[in-house]
Each structure stands twice: as structure tokens, then as C-alpha cells.
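A, B, C and D are the chain letters, set down in written order, and residue numbers restart from 1 in every chain.
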Amino acid sequence: MSERITLTLRAALIRPLGAECISADRFADLSEQEIGALELWDGHASVALGDVFAIRGDHSSSVTIEGDLAHLDGVGTAMRGGEIAIAGSVGGGVGARMSGGAIRIAGNAGDDAGIAMAGGLLAIAGSAGDRAGAALPGASKGMTGGEIIVRGGVGRDAGSRMRRGTLFCASVGEGAGTAMIAGNIIVAGDLGDGAGLGNKRGSILALGNVRVPPTYAYACTYRPPHVSLMLLSLRARHELLVNDEHVHGLYQRYSGDLADIGKGEILEWRSM
Amino acid sequence: MSEATRIEENVTCLGCGCACDDIAVVIAGARIREARNACTLGVRWFGDGSLPGAISGGRSAAIEDVLREIASLLRSARAPLVYLAPDLTCEAQGAAIAIADQLRAFVDGVTSSTSADGILAAQRRGRASATLGEIRNRADVVVFWAVDPAASYPRFQSRYAPNPVGVYLPQGRRDRTVIAVDVGAQRGPADADVRIQMTAEEEQLFLASLRASLAGRALGNQSIAARVTELATRLNKARYSVVVTDAESPPSVPSGRADSLIALTQSLNATTRCSLCSLRAGGNRNGADTVLTWHTGFPMAVDFSRGAPRYTPGNAAGARLAHGDCDAALIVGNTNAIPTVVREALGATRIVVIGPRASESTLSAQIRIDTGVAGIHESGMSLRLDDIPLPVRAVLPTPRDTASLLDALGSAIAAQGASA
Amino acid sequence: MTRLRITGGAVHDPANGIDGDVGDICIENGRIVASLPADAPTLRAGGMVIMAGGIDIHAHIAATSVSMGRRLLPEEHALHPVAAPALDDGSIPRSGTGGTVPSTFTTGYRYAGLGYTTVFDAAVAPVAARQTHAELDDTPIIDGGFFALLGNDEYLHRQIAAGELARAKDYAAWILRSTGGYAIKVVNPGGVELWKRNVREVKTLDDPVGSSSVTPRRILEVLAGAANDLGLPHPVHIHCNNLGVAGNVAMTLDSMRALQGRRAHFTHLQFHSYGGERGKSWSSAARQVAEYVNSHPEVTGDVGQVMFGDATTLTADGAVEYLLHTSTGRKWINSDIELETGCGIVPYSYREKAAVASLQWVVGLELFLLSSDPWRMVLSTDHPNGGSFMSYPDLIRLLMDRAYRDEKLKSVNQKMLAGSALADGIAREYTLNEIAIITRAGPARQLGLAAKGHLGVGADADITIYSRDADFAKMFSTPRYVLKAGTLVVEEGQLRRAPAGKRIFVKPGFDDTLLRDLGKYFEAYSSVRLANYPVTGLRDAPVPTRGA
Amino acid sequence: MDIRGVQIDDTFAEAFGMRGARIIITAKNQKWAREAANKMTGFATSVIACKCEAAIERELAPDQTPDGRPGISVLLFTMDSDSLPKRVIERVGQTVLTCPTTACFDGLPGAAERIAIGKPLRTFGDGFQGSKVIDGVRYWRLPVMEGEFLIQESFGKARGVGGGNFLILAESADAALDAAEAAVDAMAGMPGVILPFPGGIVRSGSKVGSMRYKTMIASTNDAFAPTLRAITKTSLPDGVNSVLEIVLDGLDFRSIAMAMQIGIDAACRPGVHSITAGNYGGKLGPFHFYLRKIMSGDVEDAPKEGAPA
């Protein structure tokens, strides 16, 4: 039984490798040999994890993965607990359907990060691709809980159909929070186009500028009490750069999407 | 004419998704001379029925050898693609999907390139729909949303709506109100009773305003509001309305349209009845989606690589090919109908084509086997655009039956042992 | 394997009066025979329990509606990938997806894995029957058939309105012939047509459906009469009006009384046995329904038990699905089909914490436990409406194990259970023979399948062999051996072979003067040519009818 | 035992179990938090007629509150479980919801038992309310004319202790009051304890029931009333002309004991004769605060028979 398990990439990956088997909670029950025998997927061929990674440690739910992992997909899929630290970047679907534990990525993440996530923490120091925290294809609900904290930007359709939980990022692409049911999207910068279309009860908060969608209507300029709470909580737990002027600031509130039930909001920071 | 002519009645035409089954095909000397009742699309669909019957590219001309060669080509692939091009019977589609499962391949078809938005939206929200027979007999208000069926679905109006007499529309066209919604250059039928026009940029706001209006909220500017109110009033007053839209959307159509139209038509059922009718193009496209669904639970973009179906419409055939993620492709059906993005992305992939006119395909395929066209040379089942299954019958002999050939290919693959 | 002797097992074959006696079963060429030569291969089943293969009288597994349901549930399928089984019969095994509406191959494998060898799809739109056959072709192992929807059919209603009852009967016969169906199904008689006309409630059996001479009562009478006059092996299969509505027991009992003295099958009665008042209160009315069925031998039924967990409601009863959509906010499919029928689909979850779901669970169990004649009240969950067929083993345990049932009862929401029989305490525990009745012998008798549901000489060799286990759920979820038409499909608990099943259908005769009138109707209103309507090419032999 | 000449009687204060909640009120500034808290804790001296006992526990600095604004912490106690949410709901609804700029949070996040407070109050929003889950905790947002009122959905319920007390027996009314004030000042802001009476002080110590009036639940503590020294069975030592009582409710035994230790110490000043405490012979409540034990530094609850689990 080790303090941590460390997986070190043996040779650079040249094409996508499916790594849904890498999940911290699962590693807690496995010996080094058993971990090495887990299946990674190269197309339809299965490759032993031990052939791709050098493994140190066993029986631990703390896992470090080292190497250029931009082609490594599905890490932490359906993870329920434990902790994965990824020293560099990682591929698509990281933390998909995860319900607990923490995945911390020092670099960037690919598309579908935290897709259909239900709980836990996905922290990305770099940027993330499209559909972070969004729904599985054809599903009516996106993430239903947990937190996705991206210090860089995220791509399109971030938090689309989100049901609960929080997504924080420095900037977003188009279509953030489309058809949100509830939950929070907090953007430290400007809000991209098409944000919040079809939003039912979700909150989209932008510290930068907002191009207000035509299906939102201005309500008032005020100090939303829940914003202080949210920002303080994020600042305390994730050491995010959120200023007091944002915590206690004045925000313009826009209600929408009025084509739907209209109980959602876009909050745009104005001033202290 | 010296040859004896025969007439095959009640033939189903797969020239578009309407699947008119009243075509009388006149045949003389193994050539189709006429397709009575068919529209221009239908006439083109049937053509003269002639087909090449070649097998090319294999090291041997014997079909068993060629199938073995294809089997070993596909089995050696790390990430094979099985692509369902149009013009196949449901039986052939099923046989191709079975091969994909066997190979642990990625299976996809034209749907993911042309109609994915509508399918995904209908998965997220469901849909309120009706078959064409219901629309024909019940719909008193017919809205053509940015589509004039005259071009791509020429007999839609005469066979289904608004023209025919229906059980609840004894005077046919006169009992119905036809509303054309023009979105930019995408115009509804010219002879509509009511015309509502908007620019392409206005469409999303218009749809949103329409839904807001039905929920009792006003939205948008004055000019939109007037048009919205008119349409909302007509839809609300309808006994049974149908909104007709083209599911074969060009890339210029915003992805929100399908979603908004579904939401709109569903919500109208709070007070009256309303359905959405999504038009599909020809060659049994809906069949491919449905057969794939009963085999796997998903209608398109299914990845068998992990040994069981996974749904990846966000990484469909076009994208996978473009990334170089597929190292061999079995293309089944009519390669002429493959969307350009996929065709171009196929690039240097090793390709096998099994389908009508495979030997004439412009794709750089290694092996090609000519088969027949569903409903002309091959019999089986097809699905109309509204999910109604119709029989298709061979009116001419096929060079070789696609479904049987694929079954034989499946056996050849099995004979080479279980996939890695 | 053409011959096999199964020795040493305790045989539960209630149709032949055998209740746990140890005896040999001999199989030759897919059927049960009286004896075999001494050198025939032997399967030792000492200590095990032998029953006929299970028969599901009412499930939704192969229809346009089912595939619409499949298409609606990508997120559910994504969570339930099912790898191909390891078959050793040379057939190419297929992967699939599970969840509440599994893919076809997985459906076949899973039913067989539970020891079920015959399944009927309960609701097929006649115009779409062709697809049902295609899906059944892709549903391995099980013998399959289906019921054709007729209660809301425009042509039928016209005949009733015109008093043309002979033609109505001929039409029913033609529909069964054309579709390759097995029985006549009525869903919410008249109510689906009314829903299409935006009339959302059927208040009484005498509500007019367009014409005042077309009413739910008349539709029931005419179709029950047609089924009986045609000598169909299974009587009319009725889904009553007002499914799932508080107080609907009155309509259910009225429907039964309307057909008093005539053979009729009332399906998923659990959904139709509620007291209370619409929009106000709910209570169990299972006692009343069970009492009626107990005292009327012409009536048969299946329960339509609700099991806690995820389900998909999927029915021809479009009206009820709209209500479910608006009350749950979940996604919704409606499809109005060709002047014939409707279809509605809404995913749903039955939760122990929910008052109505708990009541439904209790009502179903009460119907089982208060019915004195298990032959006439058989097991179903209306898969996937009340729960998946995969929950049958747990349901069997609830029926056989009172302690388990009472413990479970404590954990459910008690709000609406006051005065219910189950809450008052029911001691009854089903015996193995009674389980054999409600899962095999009873459905076979209700369906009129002479060669199914029993182990007598001449029966199809569809046989399930269980290892005994004190936990009946475990025992019934993993049969040790399953034989389908004499082929061992499950061995030592593993699915090993997947032969194609047969199609079970009828081919009743009719007076073909019908076709002239029907031709005119098709010409005027149908979107499909009459000539293209009938399904052709069914390979198997039809089940005979007794009709003239 | 005596402290600076003040005798500590060898007796104990007898207290009983209560149910309590801690309500954190934040506002734009301390003034408005206090306005709400003052109203909330008004008329909440004794469960006998007020149905609850409540008082300000202490002020909170911005970095001590969930939303980073100045706050006040209030403790509120009732005799039974069922009435606790009722009292909190009516008081929060009338005094915090109504007060400009406030928000309202649970001060007992670790409590296993929860009572629904924001949840029932949300319906004031008439369907326009919304909820937020932040850090696993649900809050309700109620639109009001000023802006928005934020309140936590559920509050922790503590098994508290009520009726901790000590009596200051002094030579004069002035000396009694000076000592009592000193005691209250010393105890101010001690966590987990409130003094629910006016200024923290009670002059009308009571006994259980009445000798004369059957309907009275409590009546004057004649044994300590100086004017009755001559005509009743008095408990007053010679030279004592006035008695004041300090009543304490707290979240647990230890908090009360520590507060009593500090309060009694502060009350031991010139003019005070002795300190004693009220009890009912151990029959009424399971919590016994032995004055001499406390004053010698032992503030731990001794295990007793019949104490609530």
C-alpha cells in the first residue's frame, strides 16, 4: 500500500488512447500488477496500461500521471472518489460522469471535460476544450453537481444543459450555458455570444462584458447576495483571483430566457 | 418497341423521404421505360434501372476470394469505419451494422453530417409528431418553415398536405390554411394563404418570441411582435396544426432551429394539437437511423471499439476521418450521396465500397463490388420520413444482393477468427 | 442436440398437475417426448427445479414505438453498454445496450438469460407491423408475437357507426392476417382518437367518439365479439380508459361489466385499480378489481406491477403521456399514427419516497395476493412501463417471501396506503407452482398456446432449470440451464447459444368482399397503398384459430 | 468558599434541556444587522410567555460571516423540538426578511439535525423565488422591493441547556445592580451563551407554580423578596436588601459553566454579600451547575442519570 501511485508515460503518444480505466477510486483496490493489466484502448485494440506507463505504487486512491497526455482520453471517467493529479495536459472526456473526488490538471484539457459530471472537483490550470460540464449527446441534463474550475478559457457550449453545480473559467466560447436548467457559470472575463439561450433557472455571471441575448430583459442593477457567497467560497477554496470589488459589487441583472420560463439570469459586473 | 413490356404497380420510390408507394414502373427489355406517378425526383431515382455489375480491385475475381480479402483488410485495421451511404434496404443496413459490431468498428452514415441537429434535439426534448397519414387527414393548418417541398419533396403537397381530401378535411386544400414562413432565401410554398417573412438573422429571435408569446410574454421589437402575434394566433386557433421543416439542413441553418421548433410544437399541445414534421431526403436515410437504433440504442455515430456501442455524435465520421482516426473504411451504399466533408476526409484511407455503381465511384477505393439499388433491384424494407415502414421490391434483377453479400462478408470475417 | 434426457429435477408443471415431483423429461427434435432410448445424452438436474420456459404476455420489445423509445434514451444507453456474449454455436454474437429499453439483441439474450422463451409485444400499430417483424428477427432466441392495435382505428369506427359489425369482424381478421399479429389490442378505447381531436378526458364508457354510436363501450363489445367469433386463441387484450388516473377503478369495473360473460383479457390492471378522485386523492382499489376477477371466470388479466427504479413509459395511449410529460417535466414523444392509433413516450422513475409510486407498487402486489386464481392473473410489469423485465426475479421474491415483502413495505412512502390490504397485512406467499402458473402455464393458457407453458408430451422443449436458493430473486435471476426448442441456450448460468426464435401469429379467415370497401377507404384516406399494407414472407406456421 | 469577600454558596443551579438554533444575520453594516437582531430577540425573555428565549450572542466581523459582511449571531431556544422551527420562522420572517440589506445564515453548520427555515419562508416569493446550492448548501433567494433577501434553506438544531443561573445577594439595590451589570459585561460575547432577560438581568426571580393561584405557572420567588423577609419563609441572609438573578441559556453545559465562572467572578465586588443559585432539589432539570465546582475551575459536565442523550 503506497501513499500515491505514479504513472509515467513510457513513450510519446501519437494518437488517441482511451483511458477510461484510470480512476482513483478504482486504483485503491489494485496491486501494481493489476493496475498494469488494466486495458487502454488504441482503436479497438486493447493495450495494457503497464505497457504504456511505468507504474510506481499500489493500493492508493491518490494517483499522479506524468507525461504529455494530450492524446489520453477519458481519464477519471465515472470516478467516485480519490484524487488524480495530471502533471501536464490531458485529452478529451477527463472526469466525464465523475461523481466524487478531485482531478487536478496542471496543463490543458481537451473536449468534454467533466461532461455529465455529478460531483467532485475538476480543476484545470490551463484551458479546456468544448462542452466542458455539458450533457452527454442527446441527454436532457448536463452536469448535475460538483465544480469545474478552469483558470484559462473554455471552448464552445460550456455548461450547456447544466442542472446543478458550478463552472468557473477565465473566458468562454460561444453558447455557454445554453439550455441551462440551473447551476452557475462564472466567467472572469467576457461572455461569448449565444450564452444562456434556453436558460431556465441558471445563473451566468460575467465579470467582463456581456452581449445581452435578445431573449433576455434588463431587470435592475443591484448587489446580488448570492454572488458574494459564491465568489467568497470559490476564492477561499480554490485561491482564485476574485477581488472584493467583484464580491460586493453592483451587477446588472438580465432575466431570461424569456422564450422559456424566464427564471434564469445573466449578471454583469458594473462597479464596486 | 419489340421487347415485351411489363408494369410493376405500387412500387415504393426512395427518391426522397416521402417514399411514395404508388409508382407504376414500366419495364421493357430489362430497362425502366417509365415511372408513372413519379415526380421529377422519382423519375431520376428510377432512371432506366441499368447498373454495372463489376467486382474490381481484388486480387482474384471470385467473390469468395474477394470477400476473404476484404475481411482480412478490415480485420487488420485498428480503427475501421463502416459507413452507411444511402440507397440500402433496412436489411442491408442491418447486415452492415452487424459487420461493424463484429469488427469493433465505428459505424456512421450520412445522417450525422446532414440531420444530426434535429436528431439530437429530439433526443434531448422528445418531439410531438404525426405520421403523414394523420397530417393528410387531420391538419387544418400547415406551416412550411423555411421549406418549399416543391423542390426537394415534390409530391409532399399533393399526397400528404395540404392538397388531399382528408377525413376531417372533406374539401381538401380549401379546408386548410397554409402558412409559408420565409427565412431569408429559404422560402415556403408560393401559393400559401399566409406568408410570414423574416431575415435569417431574425429567425432565432422570432422563434423565441413566438414561444414567449404562447407563454404569455412579449419579446422583441414591434416589427417582430406583429408577425409573431399573427402566427401565434393562427397556431392557437388551429384544430390540428403541423409545422413542416426540412431536416436535411444545409450548414447555414443555425443549430437552434430544430430545437426551437420542437419546443414550439410540443408546447402548443397545452391548448390545441400540433405536430412537427421533419422532412428527410431519399435512399432510406431514416431506415439507417432506425435500424442502427434497434441494434445499438443509438441512431448514428456508434463506436463499437470497446466491444459495446458508444455514442459519439460529437466525433462523427467526418471528424474522425479528418483527424486520421480511421485506418480503413467499408462504405456500403451509394457513394455519390456521401456528403462532401466526409468524402474529402476519406483521403488516403483504405476503402472498400459495396453498393450500386461502386465500380464507377469517384472514391479511390481499393476494392469495389457493384450491388443493386434498394427498391429497384433489391427487395426488403424501407422507412418513410415519418417512421412508417414500407416494403421495397426489386423490379429488376440485382447484380448481387447487398444484404446477402454483407452476410457473406460477415461470415468471412468470422471465419478469420474473433476480432482482436 | 436432437435428444436429451433431463433427470433428477423437481418438476413444476402445473398444467399437467405436477407439483415438484422428481421425474425425467425427454426431448427429441425440439419437443418433449414420452421416452428416449437408454443411450440418449443426459443432463443431471438433481436438486434443481424444472419449469417450462417463461412466457411474457405483455411487454414492449419490438415496435416503432419501442425504437422511438430507444432513440429517446441515449444517456441511459450510454450508462449500460452490453458486450456481446461468448456464444459457441457459430452464430455471430452481438453487443448492445441495456437500460429500460434494451437493444433488440440484448433483449433476446436477457430474456433467455432469465429463462423466458416466449414474449409478446403488446402494442403494434398495424401499419408499422413490418418493422416489428424486422425487430423480432433481430431479437434472438425468444419466440415472439404481437398484438395489433385496433381500438382507435378510423375504419373500424366507421363500421361500428354504420352498424356493419360483420365487416368490423372481417376487418379485424384482415388486420391480423395482414400484419402477422396474434391478438387484438385495445388501448384506451376511443380515447386516443379523442386525444387527436383535443378531447383529453373520457368520462364514461358512453362518451361519443365522433358519432354517438361509437363509444368506448361499443368498441369493447365489437372487438371482444370479433376476437371470440374469429376463434382467436387469445381474447381481446384491453388497456382500459383512464390509465393511471385516480378513481379509474369505476371505469375499469364498468369495462369488465360491459363484457360480462365474454372472454376478455384486461391488461396491466395495476394501472387501472385506483380509488380516490381525479386531482384530489388516491387510494388502492385492488380489492374491488380482484374480487370482480375472482368471481368472473371469463376474465383474465395481468398485473403490470410497478417496480422501484427507472422505467420508460411507452404506450399507444398518447393522452396519458402528455399528462406525464407536463407533471414531470421530462422529455416527451408523441406520435399520432395514420388514423389507427397513437404513441406516447416519457422516461419515468418510480421512487420509494414518492406517494403515488408507492401506492402503485402496493396496488400491484395486492392484485397478485388477492387474486384467488393465479391462472387468470399473471405476472407482468408492462415492461418497460412499470419497470424492466429484468426486475421479474425481484418481483417473484416479493410474492414468495413475506418477510422480504413486509420489510420492503416499511421503506416506502405510507401517505396513500391507509386502508390498503397490503398495509393491513397479507400473509400469502406464492408457492413454486403458483410462480410457474403466473410466469408460464397461466400466460400460455390465456394466450391459447397449446404447446407452451407446460412440460407434457408434445410441448415445445422450452425449459428452464433453476438451482434452488433461499433468495428467490437470486434463484430466478440466474437459471442454471435454459433450453429453447430443445437447444441448450444457457449452460451453467452462461448464455451459450442464440438460435433464432419463431414467430407466433394467426391467420384468421375473412369475407373478402371487405377488400372492395377497404380499397375505397384506402384510396380516399390512406397514405399507403392497400397492396403494400400486408406483411409477407412469414416463415413459421400460424397458430390455428377456431373461427368459421 | 469566598471570592474577594463574597461568599459562594455550596449549592447548584439547576437547568433543563432546550432546543436551540444559531441565526447569523448579516447586513450592509453592523447597524442594520443589529436592528434586525434587536427586533428578532425582542420579547423573548422566557418560554413561559414568550414561547422562546433569544438574545444576541455576539457581533461578527466581515471575515467571520459567509457573505463577507458585518453580522450578528443570535441564539434562540425553545422547550421542545417542534416549536423551534415555528419560532425561528416567525421571527426571521417578521424581523430579518423585513429589514433592509440583511441576509440570514445558519450558525450551526455541523449540527446533524436540521430544521427547515428558508424552505417554508421561500413561498413569500410567490413563485418568483429561486434557489442556489453553494458549497453543498442550499439557499433561497426571495425577491423583495429593496432587492433580494437571501436565506439558507435549513438551520442546525442543537440540544441546548436553559435556565443556568446565579443570584447576586447584595446589601443594596444599587450594589446588586452594579454587580449584575459587571457580570453581564464580563460575559458579553462569550460563544454559545445568551442572557435572554433585559440587559441580561432578572429582578423577578420566580418559583414554580403559585401558592395562591392555581393557574399560575410561576410566581414571585418570595423566599428572596426582601420586603417579605418578615412574613414568609425567607432565604435571605441578614444584611441582604436586594437580589438580582442572571439567567443563562446556552448550546451546551460547558459554555454556560464557563460564562458563569466569569460572570460570578465579576459580580464579586464590594456590597455583594453572597452568590447563590436556583434549584429545585434536582427534580426539574438534569443539568446541575455546582457553583463552587465551577469557581474552582471545573466546568465539565458531570455524567448524571437521566440526562438527555
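By our rule, a contact is a pair of C-beta atoms (placed from the backbone, for glycine too) under 8 Å apart; a residue touches a chain by one contact, two chains touch by 3 or more.
The model shown is predicted, which means the values in this text are computed figures rather than measured ones.
A count of C-beta contacts for the chain pairs A-B and B-C puts B-C on top. The geometric centre of subunit B is 75 Å away from that of subunit D, both derived from CA atoms. Remark: subunit A and subunit B have CA centroids separated by 36 Å (rounded to whole angstrom). Separation between the centroids of subunit B and subunit C, computed from CA atoms only, is 33 Å.
The centroid of the Cα atoms in subunit A and the matching centroid in subunit C are 45 Å apart. The residues of subunit B that reach two or more other chains are 119, 123-125, 304, 306-307, 311, listed in rising order. In subunit C, the positions touching at least two other chains are 74, 78, 331. Counting partner chains per residue, subunit D has no residue touching two or more of them.
Taken chain by chain, the contacts fit none of the simple shapes, being neither an open path, a ring, a star, nor a full set of pairwise contacts. By the contact rule set out at the top, the touching chain pairs are A-B, A-C, A-D, B-C. Remark: subunit B residues 77-80, 103-105, 119-120, 123-125, 204-205, 207-212, 215, 217, 219-220, 256, 259-260, 263, 304-307, 311-314, 324-325, 327, 419-420 touch subunit A in the complex. Of all residues in subunit C, only 74-75, 78-79, 330-331 touch subunit A in the complex they form. Those residues of subunit D that touch subunit A in the shared complex are 66-69, 103, 128, 130-135, 139, 141, 147-150.
On the side of subunit A, the complex with subunit B involves touching residues 15-16, 18, 20, 41-45, 111-112, 130-131, 135-140, 161, 179, 197-198, 214-215, 217, 257-262. Of all residues in subunit C, those touching subunit B in their complex are 62, 64, 66-68, 70-74, 77-78, 81-84, 92, 94-97, 99, 101-105, 127-128, 130-131, 134-135, 138, 154, 196-198, 322, 325-326, 331-339, 345-346, 524-529, 531-532, 536.
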